[in-house]
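Next up: some structures, all given as structure tokens.
Shared between the two complexes below is chain A, which has chain B as its partner in the first and chain C in the second.
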Partner chain A sequence: MTAGLQFFIDPSRCIGCRSCENACAECETHRGFPMIHVDYIDRPNSIATTPMVCMHCENPTCAQVCPADAIKQNEEGVVLSSLKPRCIACSNCVLACPFGVPKMLTALEQMMKCDMCYDRTSIGKRPMCATVCPSQALAFVSPDEIARQRREVPVNTFRFGAEEVRTKVSMMAPRGVEAVEIDVVDYMWEASS
Partner chain B sequence: MSSKDEAARVAAGAGDRAQVPLWREEVSFRQAEERYVGRRQFGRFLVLTSAAMFAGNVWIWIRSRMRRMAEVAARPIARVGEIPVGGVKPFDFPTANDPCLLIRRGPDEYVAFEQKCTHLSCAVVYSRERDRLECPCHQGYFSATSGAVLQGPPPRPLPRIRLERQGDELVAVGVKTDTEL
Partner chain C sequence: MSEPPLSPDELRARFGPNLNYTPPGGWRGPSRGVATRLVKTHCCFCGQQCGIQLKVQDDKVVGFEPWEEFPFNRGMLCPKGVRRYLQDNHPDRLLAPLLRTERGFEETTWDTAMSLTARRIREVQEKYGKDAVAVYGGASLTTEKAYLIGKLARVAVGTRHIDYNGRLCMVSAGVAYKLAFGVDRSPNPWSDIPRAQVVMILGANIGECAPITTDYVWRCRDAGGKIIVADPRMTPITRNADLYLPVRPGCDAALLMGMLHVVLRDKLEDRAFIDAHTLGFDEVAASVASYDPLTTARITGVPPEAIEKAAHWFGEAERAIAMHARGIEHHSKGVENCLAVINLALATGNIGREGAGCMMITGQGNGQGGREHGQKCDQLPGQRQISDPAAREHVARVWRVAPEEIPQAGYSAVEIMNAIHRGEIKALVCACFNPLVSLPDAEFTREALSKLEFFAVIDFFLSETAHHADVVLAGSLQEEDEGVTCSAEGRVIHIQEAVPPPGQARREWQIYCDLAARLGQAERFTYASSRAIFDELREASRGGIADYYGISYEKIDQQLGVFWPCPSEDHPGTPRLFEGGRFFHADGKAHFVPVVDRPGGDPVSDEFPIYLTTGRVVSQYLSGTQTRRIGPLVDQYPEPRLEIHPQLAEAQGISDADWVEVTTRRATMTVRAQVVRTIRPDTVFIPYHWAGKRSVNRLTHRTIDPRSKIPEFKVSAARLARAAGPPPWARDGTGGASARHLPVVGAAAAAPGRQGAP
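For the complex of A and B:
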């Protein structure tokens, strides 16, 4: 694994260029299918976007709900794509992930997701999306470097109501924020309409 | 370490284990733990599989006892003199799924055996020249007198059909398996 480097997402830097999506789709292991996506944060009112890669939870919900034991977390804490011989394409992980990361590829009958470019990061290269992001909204650098370059601070604790999720990937947040509080009800279609 | 400390440590450990359900312990999503088998887990596996093997063997033993004790309905299978000396007649006994062979070895000597080889259930045939039952699949030979294995892979003798002569008819009255020989 790339020694000392970590993944940081900064939504405030995202310009919505979708370079990350396209760079991801270039990868020969899943050519044509990006494993990450760019989200609109509040589509009716703003054009602001954020890139969404897998957050690689310490206790991944997707793996916990998998009835086929197809999703594995490796020794470095990277949550991998489903194992093809095991995945039964039930989409439990798709529904369970609090960040909306796993994608069920119907044509393949398999769930595939961002695995932090494990083929690259395991041999010391940076993930594809982080190498192409022009505004470094996706950054794969050392914690020292991110502290030196940015005003924001990395946060890797998310609270969905009473459920606390700790992740390997950090989100850049304003100083003073120790955990990102998310009320799921706020994001439900019924609540916003 | 005193026994009190040891007891406290075990109690704490038991508490930790109680939080993780057994299935999650057995099927971990962490690759590092996936192939790890603890001493207690291994002991549990040994005890449970041994108990299952024991229960299975008891069940098989009870079933074989019950089958041996079950009464079979006697059935006439041939008339005396119907087949020539050295000839055979196939019949089913005690059910339609148990093919058997009636062999006339001498003018007044009849024997009958199940036709399924005790190795892999191929049909055995009677060889008049060598006076034995032969299985063509793996050259398992059985004695035409007792059904005992003469050669080859069969593990048990052929079950013999007990015959009784009632007037002009030969009646199959029961099956003798190897343990009764």
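For the complex of A and C:
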């Protein structure tokens, strides 16, 4: 049922209801603690919120910086929570992730993060957060469906200065945008000349 | 007599609200094994009535699973739906009837509780007359229970005073739709929303109060549709609005009349539709003649250009939808506000077609079904008027009583409380309603409750209202009984009994039947099941406006819901009303009804210069009887806060997170400020889900709409002052903010301005 489906995030649809966080916390593997989060971008000035799940980088920075080699990718490219026997709770991954995703649970001395509901997707169910999301800011559907239904387009290339990060999860962006440039330098005439 | 028997702290220690965070046995307990059953049913929180599967193990609800096949929400759920299972197996749950004693509330037998209730009802009636007893019902009850409590009140208790908490919900819309269309139901199914070219959202905090509707609105936008939002606050749905109209509280009718003025001035009306299918247009046209954009702008605080633009978008679209909720309905002119929406839709021919219409967003769980079959003070089953002799005769035949035995219309919810306060009503039976939190002017309500000579409450948790009861009859949660509800879009759906009521708790209809028998009406209350009640309800509604005759539990399961009217067994139901321009009035026409704008019941003044408006947050439901006991939902928004614009805050010397005294002509409350640019600078907002000193309904006023009898929750006049410090309730450790979370390092922990962690 989930073959061919992909994960898409569209922050502009988010209503800040935290249904995704609540649903994530119901998971049998992390029992009461959400592995994703919703943030107000600037509550004093706006009602805008944004949900964040792990972007599942093709070449994950969190795994690269892990001194204990505790963060693994499975064969489908899903980046998993740290392996409990290996994780030394150093928080390198927390600091290094370009998207601010991993959380270090100090009481458990382990980094845990979104694994795209591997327990569900591996048995043909959609990830819990994207299933319940009332605004479909989080969507787990086919690329065809997204192309047909949405006015924004999916992007999965992010450039942090010289570093290009490609991800399994896509972010919806205005039409015409092929990659999200994070560094202001990318937009400056001097830098590109 | 009906003062609480113990102090608030003592009652809280025994009956909560305590916070439930984990499934039975904890996260590693046996309930985490494989579920025995997945029960396809619906969420109990709000009128969207989302499909959900409850995970059941050993007769306990232990979790949930999305139900992706149910067409309305396709697996989507808001946080209340996700966490609703935590109301099951709750330590606060009432497991047996309770009797007030000098030592507090003590468990008793059903026989003792029921015989006392019947005896006291009759004693009060013998002393003061039949109508000295009132009955309150609730819109979270299944339709069978709502139907039966109406019959209980009129046939067994014999009082004319039966009303319900839906009176605090969408009744202004109900009255307006009946006046204009002859029927009280949203005319369009939700699947029409993405088909519209323009969706105008008036006074509806869709993102928080009808979260699943968000996806429908966004899909409209994906397809190129334009979104207009009119609200004194920017609520989450505003983030993608193409046009935002920051209407001043209480000025909705004026805004809509201004829009209609522009439509008519620029000849954007649908003449052919008006001529063929409506009556009364000329009078309405005359009534908006003086509402030119500049005049309207002065009244509403919305720029004239924005009024022109909204009118043009709505008037020029081939398919436009206007959606509205409590924001325009909770007014002493709530009916007028809704009529103004209808007039605009009718004038532009936006009704009875795919993607074109006006839609009320009913808020309460069974807000639609709960008002169709006889717990409203002026209606009999099938949305029949109680004053209509033919309606009385039909229902009397089904009930096997004489028509004259059915009392005439009684008081509405607020009027009942007023009559209790002035001593006219002496006894109250209250099911599934927490008026101490949800009615306006809570100190008045508290005084009234303490005057009752007898007070019986039927509920599953001990609400703050129930603290005043003489006897509390332990009822059932939605998932503990079978029945139907009707969702906001008019879809009748099937509620499954996932588990039986725990302990000695009973299904409400069993309580009603027991009480009826003890009141000498056993032979008219001989139901063996909810299904038997539904079969009688089908007959009672037959030929009425809300005709359920052709609906069966099996048909609902097969079709995943049946939209009423469904007059015969081979009828598929009616998802969209008024197709072909046929309306429910005897003349088949839609009726324009002119609107006269008038001031509200609690006007601002030099002494009270600020508009106070109230509403809901996404993580709480109504008076919080259920959701204030669910830990994760409480953590998400633990206590009421005051939304205030920086301009107003600065003028009052208030900074973000300061404690602020908010005073109206009734009372003062102290609440923490949240300084945001997303609200008009002349308006402050406080959500209403809490009790006691945290209840903003201590500040609201009892003015009601003369026709719908809805209270004016959306506009009170207030003044503000920075408080010296936190109020006592913020220091007593019951604020709900939890210390149980493990310390977390990472982005979420550092996120600024996170709700729930002020």
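The definition used in the following text is that the second predicted complex is superposed on the first by the 179 of 193 C-alpha atoms of A that agree within 3 Å, B and C clash if a C-alpha of one lies under 4 Å from a C-alpha of the other, contacts with A are read in each partner's own complex, and residues count from 1 in each chain.
Operating definition for what follows: contacts are C-beta pairs under 8 Å (C-beta built on N, C-alpha and C of every residue); 3 or more make two chains touch, one makes a residue touch a chain.
Everything numeric in this text was worked out from a predicted model, so none of it was measured.
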item	value
First (chain B), second (chain C), both or neither touched by A:P102	second
When both partners are placed on the shared chain, which of chain B and chain C touches more of chain A	C
Contacts of A:Q73 with chain B and chain C, given as first, second, both or neither	first
Partner chain in contact with A:A25 - chain B first, chain C second, else both or neither	second
Contacts of A:F160 with chain B and chain C, given as first, second, both or neither	neither
List of chain B residues in touch with chain A within their complex	27, 29-32, 34
Chain C contact footprint on chain A (complex, rising order)	12-19, 21-23, 25-26, 28, 31-33, 37, 39-40, 42-49, 52, 91, 94, 100-108, 126, 128, 131-136, 149-151
Interface residues, chain A side, partner chain B - complex	60, 63-64, 66, 69, 71-75
Residues on chain C engaged by chain A in the complex (per definition of touch)	21-22, 27-28, 32, 63-64, 66, 68, 73, 75-79, 81-83, 207-208, 211-212, 214-215, 218-219, 221-222, 224, 234-240, 618-619, 632-633, 636, 646, 656, 674-678, 741-749, 751-755
